[in-house]
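Two complexes come next, and they have one chain in common, subunit A, joined by subunit B in the first and subunit C in the second.
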Partner chain A sequence: MTGRPFMEPGLEEPILVIDEGRRDKLPPGKWVRRHLFNSWHNTLVTVLLVLLLGYAAYRFGLFLFVNGRWSPVRRNLTLFMVGRYPREELWRIVAQVVIWSGTIGLAWGVAIAGASFRASQTGVAYREDPLLTKVRRYWGLLGLLLLLLLLTESFGPLILALVAIGVGALLQVIGKRVPGQYADLMWAAVGVLAVGGYQIVSGFHGRGWIWMATPLALGAVRLVGRIAWTDPRRERLMQLGVVAGVFGIGYVAYSMLDLEGVGWDHWEGLHLNLIVATVAIVLAFPLGLLLALARRSSLPALRVMATSYIELIRGVPLISLLLMAQFFIGFFLNTTTPLSALTRAIAAFTLFTAAYIAEIVRGGLQSVPKGQIEAGQSVGLSPFRVTRSIVLPQALRAVIPAMVGQFIALFKDTSLLSIIGMAEILQVRALVHAQAEFRGFGIAETLVFVMLAFWAFSFTMSRESQRLERKLGIGER
Partner chain B sequence: MEKRPDSHQTAEVFLDATEMRGTGELIIELEGVDKYFGDFQALKGINMKVARQEVVVVIGPSGSGKSTLIRCINRLETHDRGRIVVDNTELTDDIRRIQEVRAETGMVFQQFNLFPHLTVIDNITLGPRHVRNMPKKAAEDLAMEILTRVKIPEQAHKFPGQLSGGQQQRVAIARSLAMNPKVMLFDEPTSALDPEMIKEVLDVMKELARSGMTMLVITHEMGFAREVADRVVFMADGEIVEVGTPEHFFRNPKEERTRLFISQIL
Partner chain C sequence: MRSMKRLAVLVLGLTLVAAACGDDASGGGDLLADVVERGVVRCGVNDVLPGFGIVDDTGAFSGFDVELCRVVAAGVLGDADAVEFVGLTAGERFTALQSGEIDVLIRNTTWTATRDGQEGATFLFTTFYDGQGIMVPTATGFTSLEDLADANICVLQATTTELNLTAVFNARGIPFNPVGFADNNLLRPAYEEGQCEAWTSDVSQLTAFKATIEGEGGAAQTILPDVISKEPLGPLVRDGDSAWAQAVEWSVMATVQAWEFGIDSSNVAGYTSDDPNVKNFLGVDGFETGIGLPTDFVVQIISQVGNYEEIYNRNLIPIGLPLAGTPNDLWSNGGLMYVPPYR
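This part shows the complex of A and B:
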């Protein structure tokens, strides 16, 4: 070994530059010559690969634009999106799309406001990305939307998309304008909107008040915390009172309102995939967190229970859990189960994902240096407080990519709902081809379309996690 | 430099580890303390007393048990035999009592151990808010006051990662001071610092000593020991070998091991 970088004869600079994975910045012409045509064998490889890729692109283009028989997709777009959801109730889903678009817009705006507020305090410059960068960042989802609009045969979806984006943009601007110190209250509003968007379809009734009252109560607690209390005990008391009040009012309001919606046994299509994935993610995260903490607990009983749960669940295929929940749970519980089929399916997804999340979080917990815990202990913080304020925030930041990876897997696994007889988007495809005119017609095309729908969301999630990871690193460590 | 009224560091005195100076009022007491890591005995029958307002500097080669000694005092390590009493509270397995002792005992680490995900002011207010149940505003006012005392109020809203090592260590000292501790423990506070930053941390510690804080300091900074220590304790192989005033150590240490160590670090 000479210890010199690998030098190609005739070049004054090494071709193999390993500098933290960064590509060297050269003008395109020079870059191409340096990297693709720097020797006869590299030139050969380049030419062969270009030919191969060109041929593949040609065949795929031919399939997409010339030979492809897209009428099964074109004619059944609504079916792919919502399945056999009652058409006279479709306004609910339209409203849901608009409300959730607003929710995302508000959350986005509030996040920006919070970031620039913190930046103004810490002295790290905060710069909002230009519109073009944002468009480029979400090109997966935007591309899917554009494709849907191109395929559709009416103006309804276009109007819906414009209204939804408009409402989202409006709430984003509002969120940005609210001063950063009110971020916690705005997050409560985001929670209320999110739950409201869900219940516009499912109905404002039954135990729905719990979900609605939770973000409201959190906001109220924060509001109480803003008053300059002199006596912390009185502050606690007031907060307890406010929480009880909010929950009480929520309960009464829901029993008086009792607005029925469309039960989730009627939810189908891509809508179902998205809802199941979202609900399972929201539930699996806290469950996984608790399991991870339990597995590291000093109480043997807790530790053994968590460990056996995690190892049991991780040792079996998801599909077997889904089947178990669907068909055999009655044997064990000795009951004609009152839970709906979809509830049981979501439970299976949640329990499965929680076990994996637990292992991911455990890895994060182990990555927090011991000195951090000792520093917390040495100011006299309780074990709970050390975990809550010192260990968990750092642990979770460390495992964002792995966790999002698990959530993406969960989203894609919702296609397994088809196996237990639910018409999620992959199963809708089967329904399409059961139609007399499309029997055996365009089966590759419909599959490509379904794959594209999954890909657009998964890809966006993955990109967002990378961005979040980069962002959270700023100004720290 | 002004001398504290109760210090006697000019005299060349050989002392016993239990002979306190300072105000003479007992705050830390160790009696026959043993500590094992597996088969390795880290502390061997340590007897020691510290009085209120006393500054005790612990020196010794690495692996001599000095770190273990002060980590036992706020029970980051548990001792295996003997008694440790801090401010009239004996350290046992009772977690509530230990939390009380820890709240009264500030600790500054070699590696600072600031919380990287919290701003400087949040690092400092965490203890007062959650242990002392102080309202947020009052805790922040207190934090700003202490940051002014350690001379970095302008860094309050930055993250630890944005600060220099010396500034980080001063934040760590501020974090301990915010709990208004009765004793401060320092575990090699300047060993991880670049030379030009050592002084700013030592200056803060000297100011603290002058204000009458009880301090137990592991350090190799002999200038610091000479200036503010009431007693210097030399440890080797888990035992206290020799105790005396700084002058005693620098002029005329009694034990051969002490002499060798002093000659190596001076």
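This part shows the complex of A and C:
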């Protein structure tokens, strides 16, 4: 592997060497001398900065491990995690953590299997990241987990963490072992697990069967497609029959089971922040994509609607939208609660973020040269195929950093839920300090704890986006 | 032309959706029946006010106002646990009540004329008589408002407390310097560090903080004898539904009447008396008030939650608020707790 030097005329050395491996091949001692102590003023700056940083680190360490009054966090850890969620139903969240950990593991394994399958088909060797790289990639989250375990007062959370990681690792191995051509079935399984993990808390009842039956039906359709059919019409018929069958069975099963759980209106604490952010991200992305395409559409009505939507939503503060959804919908519709409070809050987050995503994606769409579209048209692709296979892949690739930035902002904005009376993690902090023994006690510590929780997830999102950028070669072309 | 047609279809669709939503609207005006049918009372409370409404580490609500919500549920539904608590901030409480997010608001809300007139809310029986006071470190030696000339006074921003402070000090011609904070968790350390010489708030809150500060080994605190405002706190319901308002009010007042009669949670079961007023009160012999509450609503309230004194002792005595000799004592003891007779 050779580095790519950037030369400046008149200099003997390259000013910058980009290398996937080590940036600098000098031995540590020499590196330090060349970069930190090469002149008297650099030496002075180095010494001063080391002293300053060392003192700051010392004070922070002292605060973290010695002086910090962590008892408000320690005592109320469950409150910070799940808020006022009923304690006798806590097993549901435990099960959810394990199932979703398994879901992530399986998805990860299947993705690796798919990548190596594609690589083998194109004749390129696929190299999986070593374990240490993976650990380094997620050190923010692992650090938060460690902090949580240090703060717990029982072994329950430790066992939960070990079981969850174990299940995730096991399913990852299984996902990797399954041959690449079965990837679609595995993705259906991921979908079923994800829905199951959600419904173990929210309950298996009502309209939940739609969510469960959708991945099952998709998997079943793919399964039917595997059979070598002689008559394509019979294949279509069979697929329709299978879909109808799955939906029918799902409907009957759910109306017979009818197991009530704890609806998401009772989800609080960090659990709520994560759910709201995840759901809003998953919903806002496709909505934003459609809005961006609509805004560039040649149909004036569509364009006007998309543009006015984007400009209207982008022009108002998020908090005003949240308040609107929370307290004023009732006045417009003249009814008390058409949708639950949390559903309306998530709708507000989704609508708000979608407008921003639309503008980010539009930026990406505009960066795709016109020649690309014309090339697609000239080989006779339909407008849909041109957008789907030529424009969008390039446009989305270009806007990953901005998009992830928007998602991180959305995650942090979930702290605004406290203003509309929902006990997300920042509001839990206020609850804790209303308790008699923690009134005005340890207020810095609880704030640091909440900040760390937000930071760990935001940082992990950022690292994932950087990995994606590197993988897709953004910034190098 | 085609896009126009699409637009027309879309508008038509939206209209249909709106119409469908409009049909869902409940007739309104009969919240009591709605609550009974729903089987749960949605009660707006404070979740960060010691003594009145807090959340403990198991996620359960507790406090004086919280127990009054349970009283309403026990009276209306016969089950004190049939309450859905909604933690509300001061800013959103009236909106939540008006828009129907909650059925009743019991969140240390001061009854004032403008609120009664402009917030679309009906104030009911006052359950706690508070007043704005001023706390100073005992070491300062301040004993009256006049001593506070040119002092820095810590106060919560955007509260009636802040307005009232300005009004009272200006009226008396005492120069002062208000230092505003967003919440008590920020105010307390600032006060203890000496950023201000005095802290003004409701006496109930000052008393709670005095106990905490002194309990944690801080400087001794004094609450000045001057009470500079009247703060009657009680439950509120939406304007225009008197059946529901009566149900809430008579449920809450039953705790005071039981206290007056000497009936509490320990002796209410099988309580007998020859006094016809007591018999009526307890619904013996099928006495019916016509308020729309079950005949045994008082028995349910007192057995499941308790009388006013019990509720007060459980929640407000621990934070250092005395009952005897205050306005919150029974009228027969010289206080202001006086309820109409149950007959």
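Everything that follows uses one rule, which is that the second predicted complex is superposed on the first by the 423 of 477 C-alpha atoms of A that agree within 3 Å, B and C clash if a C-alpha of one lies under 4 Å from a C-alpha of the other, contacts with A are read in each partner's own complex, and residues count from 1 in each chain.
Keep this in mind: a residue touches a chain if its C-beta (ideal position, glycine included) is under 8 Å from a C-beta of that chain, and two chains touch if they have at least 3 such contacts.
Source: prediction; values computed, not measured.
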First, second, both or neither for A:Leu79, with subunit B first and subunit C second: second
Partner chain in contact with A:Leu132 - subunit B first, subunit C second, else both or neither: neither
Which superposed partner A:Val66 touches (first subunit B, second subunit C, both, neither): neither
Touching partner for A:Leu302 - first (subunit B), second (subunit C), both, neither: second
Subunit C versus subunit B, contacts on subunit A by residue: C
Contacts of A:Met256 with subunit B and subunit C, given as first, second, both or neither: neither
First, second, both or neither for A:Leu150, with subunit B first and subunit C second: neither
Partner chain(s) touched by A:Thr230 [first = subunit B, second = subunit C, both, neither]: first
Which of subunit B and subunit C A:Arg87 touches, first, second, both or neither: second
Overlap of subunit C and subunit B interfaces on subunit A (superposed complexes): none
List of subunit A residues in touch with subunit C within their complex: 75-76, 78-79, 82-87, 268, 299-302, 323, 326-331, 333-338, 341, 419-421, 423, 427, 430-431, 433-436, 439-441, 443
Interfacial residue positions of subunit C with respect to subunit A in the complex: 2-4, 6-7, 21-22, 24-26, 47-50, 54-61, 86-89, 92, 95-96, 98-101, 183-186, 188-189, 208-209, 212, 216, 318-319
List of subunit A residues in touch with subunit B within their complex: 121-124, 225, 228-230, 232, 235, 369, 371-372, 374-383, 385, 389-390, 393-394, 397, 475-477
Touching residues on subunit B, where the partner in the complex is subunit A: 74, 76, 95, 99-100, 102-107, 109, 111, 113-117, 119, 126-127, 130-131, 133-137, 157-162, 172, 175-176, 179
